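Just so it is clear, A, B, C and D label the chains in written order, and each chain counts residues from 1 on its own.
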């Protein structure tokens, strides 16, 4: 990070700030729905960071999976909760200290990793397409894990269908 | 774009930071142009929608502002901007205020990868198709924000319906698109268009039977994702008042509105690029097109026309069909469309493995399917004509009608008959 | 944010539908208790259009109340007038000239077609198809034109008089009415193929909100709603009045073609078929139109001998009755309207349990309830 | 079955001689108020009577006689005959049993009866105002009903639109004059 301040740096700081702010908002907001919407900021910021690192495939997947899928599912779950008007507090008060402890532990782990990691300095980010390479990896060396994940997901879906079917049918 | 930036930077002898600022400025400029184009398209589509609705319903449609009402969108836009932007007292204010933006960002950002012609594209991303799917998923967040933030039960129901619907229909839509991606072997929209040809049998629509089915699955799913009839449950007027945008007024409503219409064009454009050969002109190879401005212009027109037909179909669907019920909607998606799209994907994947590219068999299939499609189109037109004739109506497709009404009965008789009840002035003879 | 009420271990969302909701025809309110999209209870709240038409009658002379009749239900004015006129004529023991009876029948059947236009249009509109409504309004416009040419009014006709009708129809009018019927008979199959056989519409209506025959009778459903539930009853055929004994027609009954008997789709089909039969009736009545007077001799100041009667006609929503009590003066002592929508509205609460919100909309539309008639 | 037969059979079932009248479709039977529900049941279930359809249920206020006449118009789809079942109530304290158990259609008619005539309905499951606001005073269809001048502070009458308002009574027109005054 020697050399001039480039525009990419500015964008990086901006995205990082958005990500961090989103995370903070999600953790600290007392309104559970707003907390979920703060997550949107985090997810989008992370996607932007991926994009900045020229991992465009990952960025698109991040948006698609986290914003289009996870976030919407969370909102769904929150909005369908029955006592939504009482649930302004996102976390029960009792576990606040536990949360702080967990956060501190996580921070320590991350910090150690950060300090120990041998960062390679790369002068210019390569804007090479990653998609083809990813595809080859997935169908080549990563084929077995892909298959395993696929099977697992299939089982999950079947399980979900079975559970869902049992729910309203038994009434 | 990058070439232009390099050229300008070299000729102006800019510092590295200057270069970056220049390229950033160019990106910003492109974004603004894309936004403006998308906005203009959406606005013109609102005109088209109302005009087509008018013709479908044997009335004229907007014809007051500008020639043929063509500036109606401008008047509407002005009205929306000038109207008070009401925020309900009980609303969740920040969410309510922010809600239109994810919707607009989601739709308008997707326009960056629409290949209007061979060279006319804001950003030909390597992950184009994925980018489209990813960016448009922002829309649902905006709708949920609106539904929740309005603090109105109808809005909430609309928001939840919408989210359920979009999440469900994203699956078949993405799978149907992937079945084309598998054929083309690339995610870049420009390359996908280039991999097709100008003639109908070279389109991915008619090249394999699976592509044909995949197109219909994609189109259905896209209509559903765009909340259009017969899948307009989130804003079902007769059920949920206006769904998630019940409480919105003024320009914030305009945001949703324009987003919806831009989305119609977007889905038609994607269908046109992925299934209908995009800007490809019959008989002209992409290599020949590059050099000529005229071929480029013609390619642009071809693309816009194809997308326009798509928009027209979407609009006609809205004025033709009743609306599905929630359970029918999800059943349609999970029972038929999603497995169907998956089969198309597998089918196309097997096709590339089993059928050699450019073989006689592949070409014969293309010709055969083109013939079948043409026959279906002809049958449809004839059937329509028969219905028209049997009611004594005449075909009136004149979208540019200045307005005329036909008297139900002989006007002279009607005037005479009504005249009996006209109030007579004092002294007037009966 | 939302009131969520805990009842018997279930959470219900209370939704207020109306009085200004797009699919509550007229001004009408429903209080819905829903569990998500599923309805636990839909309670109609009526009275927003109560104009006290029964009380108003007590202050009007007998002929003077006729224009009020159109306001009981603006979609079937002729029937309301006819029910009232029949009640008065029965108490006065007046014979209506046959030509007047035929003209009443012609206009009434045209009125029935016009009413069904609105009803069928509303059904399709409420389940999301806007265009059929406009097409039907276009056809209805021709009926309005005909009525305007005959009696000067397009909606609240005030065409009937006690003892006859107001204006005679000339040959040109009759010719035009026949021309309308000819064209309209060709429009009906087109309407059926445009929307009536549309798979989405069928699936939205068939099997939804079925009312069995016993329930329909118990709740006093009448007309097309009753017939859709499989009860073969039509006052025009079974208790003939006016010109109907001289005309032949069929009474359509719900068969549960795509779902169960008495579902929304049956109510839809029965009305389509009734339009066809009305065309037949208009044509026959014009062909058999007798010559002669159009009005019986009725004294200018009407005093009706004390007594009471209940007169009813088969209106577009079924039995439309007037209970008229006279005390010998020149004003009705008591007048009661018995309307089809009132009964239809009262059954909604029972039928709507377990439906979805979208089904409730279809139910309301297919019962053809209309607020002014319910509230009077 | 013709009206006289119906009237006779009902009399037999109730074990009393009933006041009858009317002819044809307007034939009626008057039963004592306390036997109202019993008579309705007999008509609904009685052998050969089968009155399955309650056409309407309403009342007539007769202040001169101090009575309120309640009339239920009945019809039988099965036997195709009609009858009006009547009873006379004391105008000072009208009370009647609910017919909802016999014909569900009666529920709404009875709510209207209650609000319009002030007839108390016994055993009605949901006796609320039907057409009028919940706090509307009085029973409008009674002959001596006087419209309140104001309801919730809102005048119930408005001046005749064509009449010249007396000075200071009508609303003042603060907007632009219509038609605009000539310059």
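Simple rule for what comes next: a residue touches a chain if its C-beta (ideal position, glycine included) is under 8 Å from a C-beta of that chain, and two chains touch if they have at least 3 such contacts.
What you see is a predicted model, and the numbers here were worked out from it, not measured in a lab.
*Asks:* Which chains does subunit A share as contact partners with subunit C?
*Replies:* B
*Asks:* Could you see whether B-C or C-D has the larger number of C-beta contact pairs?
*Replies:* Spelling it out, more C-beta pairs touch across B-C than across the other pair.
*Asks:* If you average the CA atoms of subunit B and of subunit C, how many Å lie between those two points?
*Replies:* 42
*Asks:* For subunit C versus subunit D, what separation do you get between their C-alpha means, in angstrom?
*Replies:* Roughly 22 Å separates the two chain centres.
*Asks:* Can you check how far apart subunit A and subunit D are, centre to centre, with Cα atoms defining each centre and the answer in Å?
*Replies:* The computed centroid separation for subunit A versus subunit D comes out at 68 Å.
*Asks:* Could you state the distance in Å from the CA-based centre of subunit A to that of subunit B?
*Replies:* 31
*Asks:* I need the residues of subunit A touching at least two other chains; which ones are they?
*Replies:* 80
*Asks:* Could you say which residues in subunit B touch two or more other chains, in rising order?
*Replies:* Correct list: 156.
*Asks:* Identify all positions of subunit C at which a residue touches two or more other chains, and write them in rising order.
*Replies:* In subunit C, residues 1-2 touch at least two other chains, as defined above.
*Asks:* Which stretch or stretches of subunit B touch subunit C in the complex?
*Replies:* Per the stated touch rule, the residues are 53, 56-59, 90, 151, 153-154, 156-157, 229-230, 232-233, 236-241, 319-328, 387, 390-392, 408-410, 413-414, 417-418, 420-421.
*Asks:* For the complex, which residues does subunit C have touching subunit D?
*Replies:* Listed in rising order, the residues of subunit C that touch subunit D are 46-47, 50, 52, 54-55, 58, 217-220, 231, 233, 238, 308-310, 312, 319, 321, 323, 325, 333-334, 336, 338, 342-343, 345-346, 350, 375-376.
*Asks:* Quick one: which bits of subunit D touch subunit C in the complex? Just the residue numbers, please.
*Replies:* Per the stated touch rule, the residues are 25-26, 52-56, 58, 60-61, 71, 73, 77, 80, 82, 84, 103-105, 107-108, 129-133, 140-141, 143.
*Asks:* For a test of understanding, state which residues of subunit B touch subunit A in their complex under the given definition.
*Replies:* On the subunit B side, the touching residues are 16-17, 20-21, 24, 92, 94-95, 102, 125-127, 130-131, 133-135, 137-138, 140-141, 144-145, 148, 156, 159-160, 163-164, 166-167, 170, 186-187.
*Asks:* Going by the contact rule set out above, which residues of subunit A touch subunit B in the complex?
*Replies:* By the definition above, subunit A touches subunit B via 4-8, 31, 33-34, 37, 40, 47, 56-57, 59-64, 67-69, 71-73, 75-76, 79-80, 129-131.
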